[in-house]
Each structure stands twice: as structure tokens, then as C-alpha cells.
Amino acid sequence: MKSPTATFLVRAPDQPGLVARLAGFFYRLGLNIVDASNHTDAHVGDAPRFFMRLVIDLGGLADPKATAELGGSATRRSLEDAFSGLVDELGGSYQVGFSDVPPRVAILCTKDPACVYDLVLRQRSGELPCEIPLIVSNHAHLEPAAESFRIPFFALPVTAATKRDQEQKVLELLRKHHVDLVVLARYMQVLSEELLDAAPPVINIHHGFLPAFQGARPYHQAHARGVKLIGATAHYATKDLDEGPIIEQDVARVSHALSPDDLVRVGRDVERVVLARAVRAHLEKRVIVEGRRTFVL
Amino acid sequence: MKSPTATFLVRAPDQPGLVARLAGFFYRLGLNIVDASNHTDAHVGDAPRFFMRLVIDLGGLADPKATAELGGSATRRSLEDAFSGLVDELGGSYQVGFSDVPPRVAILCTKDPACVYDLVLRQRSGELPCEIPLIVSNHAHLEPAAESFRIPFFALPVTAATKRDQEQKVLELLRKHHVDLVVLARYMQVLSEELLDAAPPVINIHHGFLPAFQGARPYHQAHARGVKLIGATAHYATKDLDEGPIIEQDVARVSHALSPDDLVRVGRDVERVVLARAVRAHLEKRVIVEGRRTFVL
Amino acid sequence: MKSPTATFLVRAPDQPGLVARLAGFFYRLGLNIVDASNHTDAHVGDAPRFFMRLVIDLGGLADPKATAELGGSATRRSLEDAFSGLVDELGGSYQVGFSDVPPRVAILCTKDPACVYDLVLRQRSGELPCEIPLIVSNHAHLEPAAESFRIPFFALPVTAATKRDQEQKVLELLRKHHVDLVVLARYMQVLSEELLDAAPPVINIHHGFLPAFQGARPYHQAHARGVKLIGATAHYATKDLDEGPIIEQDVARVSHALSPDDLVRVGRDVERVVLARAVRAHLEKRVIVEGRRTFVL
Amino acid sequence: MKSPTATFLVRAPDQPGLVARLAGFFYRLGLNIVDASNHTDAHVGDAPRFFMRLVIDLGGLADPKATAELGGSATRRSLEDAFSGLVDELGGSYQVGFSDVPPRVAILCTKDPACVYDLVLRQRSGELPCEIPLIVSNHAHLEPAAESFRIPFFALPVTAATKRDQEQKVLELLRKHHVDLVVLARYMQVLSEELLDAAPPVINIHHGFLPAFQGARPYHQAHARGVKLIGATAHYATKDLDEGPIIEQDVARVSHALSPDDLVRVGRDVERVVLARAVRAHLEKRVIVEGRRTFVL
């Protein structure tokens, strides 16, 4: 049987010997690095920043070297404690995920089924390595769809007056179900800064055009300007609406013969694919956010 | 020998029988339609608008039917006169080009050779059906490049104080050389509204991103935001800088590993291909401008 | 209320006056052409061929001109009879579809749910203008999925020995349910020439690579060769497996870091989008097959 | 002033501690790793293979640690000797390039200027970090183009009878000018196995389609089959024509309205961009060839 793996995402100020020290840490423990990539960026803030992703075969925890180096008890906890000490020395920080502890993803939606089906089917086919313990909507509309997949469904209607309350209920659901990631599958509500601060990371999908269009009915504006490309951007939600760090983007070609409704349809297709790619990159612990940028390792 | 062709671009308010009447006009004259496409658009202004491109084999002007229908003298002039009468009846307008009268294109550039070489080489290879009677620059830098292709080169330096004068000289050159189209090949000057009003159509190329970035150093802004796509838009120049009707767009994929300079390089590649496609579409008389949109037939 | 439309797809040997005569036919009847496009191809067989798509507003059948021209009774039947006469004169042929008579599409599948869900959800959202009266599979696996959409599901297992019988049953189902188009949604069976001759048009989807790979496990071969692009081709099924006329193609970018399984996953995504686009083009009566080529008008 | 860098490309059988040992080597010498990426591939041959690219700041050779560790003399030669010893221990191999020793690239061409101009202009603009000491052709046609860039030009006509001799002359030119890489810029000759064995690496560009077409006039075949995409593949030349390891690929969209000549033109555009990207990846020492695959780090 294949051993589980741990994926470490590390960031630190650039300094000599970083790759050597991080890789050496696992080498001394007898733990094999099955995948690694790193990037030093000279364009973030004042000083170069270093980013690294390391995928570690945890089978090596049974190695006597690991037991010896980890103070007599080679567990995930003692491994993390030791690694944490190293990262502190480097002035950095890290996150870790384990392949046998799949992240728990909540889908937030309104009425549009396509994006929800798409995510669930990709999870069922193994493409999205996660669990989907619940679907939350501000409408009852998609309950039968959720039921057909046997995923608990919660309808939490919202008005301007009840928004604060409704968001509290959303947050309670996220906590109670130990949610690690929220995916907005065309959830037609703006999340408050309070919710974003308290919630796990939230990934959103957004149409996108060259040039960009502000205000209402962007597809109609894009049509009125005769654009030849329709795009989509998946990003982490931040309090600045649709200004969060970009994870993935793509476009599709359109022509003058398409109506605004056609543009919407083409846009939806791009959005679904881009959202799925972004969620997968997040679940595989490939995405580091640094300021307004992401590094996808 | 293949006969020359005439390409008519027509626009009119939509009304019953438009295709039949336009096609019937040439049928009665014994002139063959070798290519035709049309589009009715319900999204321009208040009422539907009709657009049609017709490519006519002029060999048929030797047909007695043509002579009879055109008042005894079947010439390009009498053909145009008769067609003009029909289009007036329809409340529309038209343009025409002849395959054996290649449009005359002026290239305006500053110092960057790549875009200039690209356009000239495409013209030489037959890909751009035009003549390039002159290259105009605000620097002497590209004179040897122009000379190597035996294309007359005019250096017209410009400062804020001399801009009005310099543009007058540019206009005189365009008139004297019977220029039908101006292509801005990274000409690093903003053209005044006066020049744009007096000059033939001007095609410009512009970088483009999702989202868009205003202000200086857009590639650096795009880099700071971590975009995953770099785009380019070719459009007709209007007084609203970079807001003219879009002719063609495309993108290329980039990653966090690229520096701002790398993004510039990728952007240049996209810009050259997009500009060449747009110029070709214009030269083949495929582009109708209607308000802020183009229809590329 | 919007009137229904008829879409005519015409092909004929190229000859003077084709556009004029076809458009004139509807003009005389007082029927408005709401969309039209045509293409003359010099590269099919010995002589140029002409292809045209005309979308006609049937509201005009109430016009007295239509009644007069159509022998006193302006019906879809008399319209078709008259049009048929014109096309015969031109030595051509035509097909017609009516916007208020949606084509009936059968989905053939095996066990993979993604492609089936994708097609059904696109139909439900209005993107695919058709009915889906039945889903046929050689396995019972997808019955619950079909049930959840309330679409009748038929499981017809097949072995080498029973193939002939099974195909007869498939054909009976297609006839009984008045099926106009069959879509193979990853149906893992080769259809016999007999079935293809007797069935309505069949659209299939096929992975595709540059270069192409013959034989088993093509994704593994593509991986072994280090391809950087994964593609998909939607085509009409013919007796020459995967050699039928191409309707639509697209690609996605891949890297050396992806395993063969990853390539399969990326390929699936491309396949779904390409299949949906091809089915939509067919349903909108945009596709003319001529020999081994399609013209998508 | 910025210090020069060395780029090491390493391959070895996968084993514990590889990243740690390779990075540790430079760390002990006080040499900073400015960029690094690695990949372990489970799909090459029998056992996993490890690939790594390390970019080293050579400024650190002035560090006393480097002098001490390198036996009293910290030079590029002693650095390579020491590194070579480590790689031997790992059972691997490596290549190295220095940023201040630009590779010398020979362009081989026939008559088509576009690809040659494109490569030279990219080199002049700094996009291709190399020198171009000579252009070799089997025709005199492009001499003026080469002259205009002041690049020595050698015309070596070839017939079936003189092929062996001509290739000997090509090889002598490559040796005499210390050529590190040969780029075939539409050189319309098949290179013999003898030449390929004796020459430095050769990059070629090849059109590509889905499906692939064998034999003469592939664009005409692709047109006859109605393809919707035109592609290009850049690869290392091997004795199996157009079967060498793929470095880069891309496609462009085409329609039924394009003639075979149009397809050729679209194909040329894709080919130029793909070739330039592949050459750049090679010059930046990003490409490792392993069997029939490349790893582009």
C-alpha cells in the first residue's frame, strides 16, 4: 500500500542555503521528498522572498532515524514541531496538508445548478481530492440536486435586514462541519468583511474581459464594445470585491455574431473550467498567497 | 488569367429583401458573387442593422448584360454609380475596394524594429495585400531597416511645442503618398483629434489584461497582481485613447515565475500577431465599424 | 410573441445568381431573412460548391403575398414544396429545421457520468435546443443519474455474440422515440456500418494529439512522447472509426509534471466542451457535411 | 554590477536526499542559489528519475568558504570538478552554462526569410540570449538579409549526389565557428544520421495537426479533412524525422473559409512563435532530454 504524504508550503525571506536546509531537514529524518519546487521572487516588497513546496513520503516515519531525530517519537505532531522550529529560525512560516486527511469543502450557491454539479462530479471522479460535507444556499432551489448526491443541503435565505444573522448561521455551519475551504459556485451575495475574516479561505470565480468593464451587466457592456475574447478569473475572495489574489485565468474566443446571452453562455463554460482548476490547485496545496499575488508551485 | 474582384461592404437599416436586392443587383448585371456574408444585428442602437460583404468577379463586366444594364458603358465607375443608387434607396452606405488596386499603408513607428520588420515581411510574403509606400518615425533610428527594404523613410522628431507642426507634416506625407491606412507599429505618440479627423483610418495595438490596469507601467501592475494571462487588442484609433472599436484580440499564458520584463516580451509576441491579423482583416475589407463595435465579416 | 423560424441549409454547384435567387425566393413571399451566411468553396471535388444557411421568420406566412405565391395556402408544407422546386432547378439539395420543433437527441453512454450530466445540464439550461427523450447504455450503471433527471433509461448489455441483436434493439429505440441525432457520450462500443447506415446522424468525441497516436492507451503514448498539448475532436461517426467529418476541435496545455492519469483528466475536460459545442452547432443547423469536410456556417 | 550566474542541469536516479545534497553542495561553498526547480518522474523507464535545474550566483566564488572548500582555488573549473564528483556519487550526469558565455547558434535556412528575420530580431532585442555567428543556406537567396544584419552567410548548394560532401562542409563550419546549437529555420533538407551524430543539438520546427497527416502536402490534406486547428511542434532533430523529443507546441484556430494557402500562412505564424519559445528554453538551459521526452524546468 502506498504511504500517505505530507505537503509543506513554506515561505521565508530569501537567504543562502534555504533549499539545502529545508531538504536537509527531511534527509536527516530519512524521509523521502517525492516532489519539490521552489521559487525566489525579487518583485515582492523590499527584499527577495522564497517559496517552496515539498511533498514528503510519510512512510519514512517508521525509519529509526526519524525516531531518533524526533526525540524518540516519530509522529506527525513531532514532525511538525521540529519543522516549525526550523522555519522559525529562517524567519518564515508554513502550512501543511496530509494526503489521507482530505480537505473539507463547502459549496455556497444560489440557484444555478451547473457549477454545483460540475464541482460535485469532479469530486466524485477523484479529480478534486476533498470531501464535500455540505452545500449552503440562500435559496431552496438546489435541494433536490444536493439530495441526489446525498450531500446535506442548508437553505439560508437572506435579505439586507437579515444579512448579519444569515452570515452568522453560515459561519456556524462552516465551523460545525470543520470546513477548510469555501467555494462560491455562483453565490450571488457579497460576503462581508466580518465573514471573510472569520471563515476559512474562500475561492470565487469572476468573468473577465479585455478591457475590463465596471458596473452592471458586464456581458452587455462587453458586447456593446465588440470584444473578441471572454475570460474568467478564479481568485481568493477578499473584502475588495473581485480584487483578491488571482489563482487561475482563461479565455474563449467570441465573434460579433453572438448576442449578449451567447456571451454569457460562453463565459459560463470558461468560468466552470477555471474554477475547477483553481480549486484543484488549492486542494493540492500548490497555491501560496503573498500580498496581492499567488505563487502556484 | 484570374479576373480582378471588387469587394463591397454595405450597411443599412434592416428591412425585408435586403440580401435578395443586393445579390439581385449583381445577378442582373451578369456579375458573379464569389464570396458573400452578411449579419443582422439586433443590438446596435434602436433598430436592427444589416451588414453585408460581397466579393464580385469583375470579369463579368465584359458581359453584354452588364453593358446594357449600366447604360451602355460597363466600367467600374458606372458600376459604382448604379450600386450607389441602390444603396441610397435602402437608406444605407457602402465602401468598395478592388483587388488590383492594393491599399497604400503607411507605418508609423518610433524605435522598436520588431513590429516594423514583422509588417514589412508579411507584406513581402503576400500575406498583407497592400503597398507600403513610406515609413514615418519620430526618430531616425529605424532608417537603416527601412532602407534595407528600399522603403522611403521620413524622420519627423516631435516635442510638445512642435507637435502641431509635426502632425501637419505627417498629414502632408499621408496625402502626398495617397495613403489609405495608417498602422501604428509601436508609435509612442498620442495622435491629436485633429490628425485623426483628417487622416485615413488608423489601426493601433494595445496590451490588455484581465483585469485592466490604468496608468503607467501596466505590465508592472499586471505583474504585481499576479495575472496568469497577457493579452493584446488591435483597434481603430479614436480620440478616446485605446477606446476605439476592437478588431482583434488574443492572449498568452504566463506564470508567477516571469518578471515584469518577461511579461513585456510575451506581450510583444501577442501584439505582433494580433496587429497583423487586424491589418489583414482591414485590407481584405472585412471590417465594418458601427459605433463602438466592429463586425468582421 | 416571437414567431418561430425555419433554418434552411442549402448546397448546390456554384453558379451565377445563387444568393440572389435563394434570397429572392423568400423576398417574394414576404418572409424576412433574419440571418444568412454562405460560402463558396473551390476546393471540394472538381467544381466549386456553394453552401448557404438561411434563417427565415415564419411570421411572414400570414402575409397575403405568401398565400398568393404559395398557391392559396401558406403552410410550412407548401413553403417546403416551393423551396424544394427552386433547389431542384439549381441542382442542389437542402435540409430544414423549425425552431418550435426541437430535435430529439438520444444519448448513448457506458459508465462515465460526467459527459452525460454535462449534456443534460446544458439542455436543461437552454444551451442545447433539443429534447432528450432517452438515454441508452450497455450498462445499468447510470440509471440513477438518468432517473434523477426523469429521462427514460434503457440498459442494453452487449457482447461480441449479441452485438447484432443489441444494435437492432438500439435502432428500434431510436425509431420508436423519433430520434433525430445520436450523441455518443463516451459510449465504449464501436458502432457497426449497418447501424450507422440506418441510424440518424451520430456525433462522437475523440481525444487528439499532435502527433497522433495509434493503438491502445493513447494518453500513455502521448505521455511517453512528452506532448505539451492535449486535444479533442468532435466528428460525425462513420464506418472508418474516428475518421468522420470534423465538427469542432480544441486543445489544452499540459506539462511534463502531469502523469498519464492527469492527461486523461485534462483530456476529459476538453472533450466535454468540444462535444457540447459540436452538438450545439448541429442542433442550430449550422453544419453541412460535404465529403470528408464540414462547413460550419 | 550583477555577478554572472551558472546554470546546472542535473539528472540522476531518484534516491533519498537528492535536493538536500545538491543544494547543500553550493551552500557549503557560500554560493547562493538564485533559482531552482526539480521534478521526480515515475514514468521514465524502470525506476524513478530525478531532474533538477539550479541557477547559481558566481559572485560567491570570492567567498573564503569557496576557496577553502575548493582546494585553495575557487574557479569555474574547480567548481565544476567538485560538482562533477558529487554527481558521480549520485550516479547521475549534468550540463552547465554560464550567463556571460552566450551560446553560439547557427541558423540553417533555405529561401524563406520570415523565420530567419524572426530569430535574428529576437536575438538583437535580447530575447534570445545567444550569439549568431553565421547563417548557412543551400541557396544564395537570403544573403542580402544576412548582410543587412552583418552576419556571415554561407551558401552551400546541395544535390542528392553532393549531400555527403555538403554536410561535411556544414559540419566544418559548425566546428570552426564553435557552434553550440543549430536551429533549422525552414531548412528544406533532411539531415543525415551522420551529421546529427556529429553536430551539436539541432532544433527543428514542424507543422502539426489533429489528426496527423503523413506524406506530401500536409496542409492540403488537413484542408481536405476540414480541420479546425493548425498546430506546430518544436523538437530536437533525431534520425527519425520529426519524431524527436518535443520541446514546445501550440495551435491556432482555423475555419472552413480558409484555403490551403491560408492554412499555410496561419501555420507559419504558429511555427515562428513556437520555434522562438523552444530556442529560448534551450538557451536558458531549461530543457532536459530523457529518452523520447523533454522536461522543461
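For clarity, chains are labelled A, B, C and D in written order, and residue numbers in each chain start from 1.
What we mean here is this: contacts are C-beta pairs under 8 Å (C-beta built on N, C-alpha and C of every residue); 3 or more make two chains touch, one makes a residue touch a chain.
Remember, it's a predicted structure, so these values are computed and weren't measured experimentally.
Taking each chain's centre as the mean of its C-alpha atoms, the one that lies farthest from the centre of subunit D is C.
Counting the residue numbers used at the interface between subunit B and subunit C, over half appear in both copies, so the two copies meet with largely the same residues.
Note: centroid distance subunit A to subunit C, computed from Cα atoms, is 38 Å.
Taking each chain's centre as the mean of its C-alpha atoms, subunit A lies 44 Å from subunit B. With touch defined as above, residues shared between interfaces to two or more other chains in subunit A number as follows: 39. Interface of subunit A with subunit C (complex): residues 113-114, 117, 121-122, 124-125, 127, 144, 148, 265, 269, 273, 276.
Taken together, the subunit B residues at the contact with subunit C in this complex read 16-21, 23-24, 26-27, 30-40, 60, 253.
Looking at the complex, you find that subunit C touches subunit D at residues 39, 41-43, 208-212, 223-229, 231, 233, 242, 245-251, 255-257, 259-260, 292-296.
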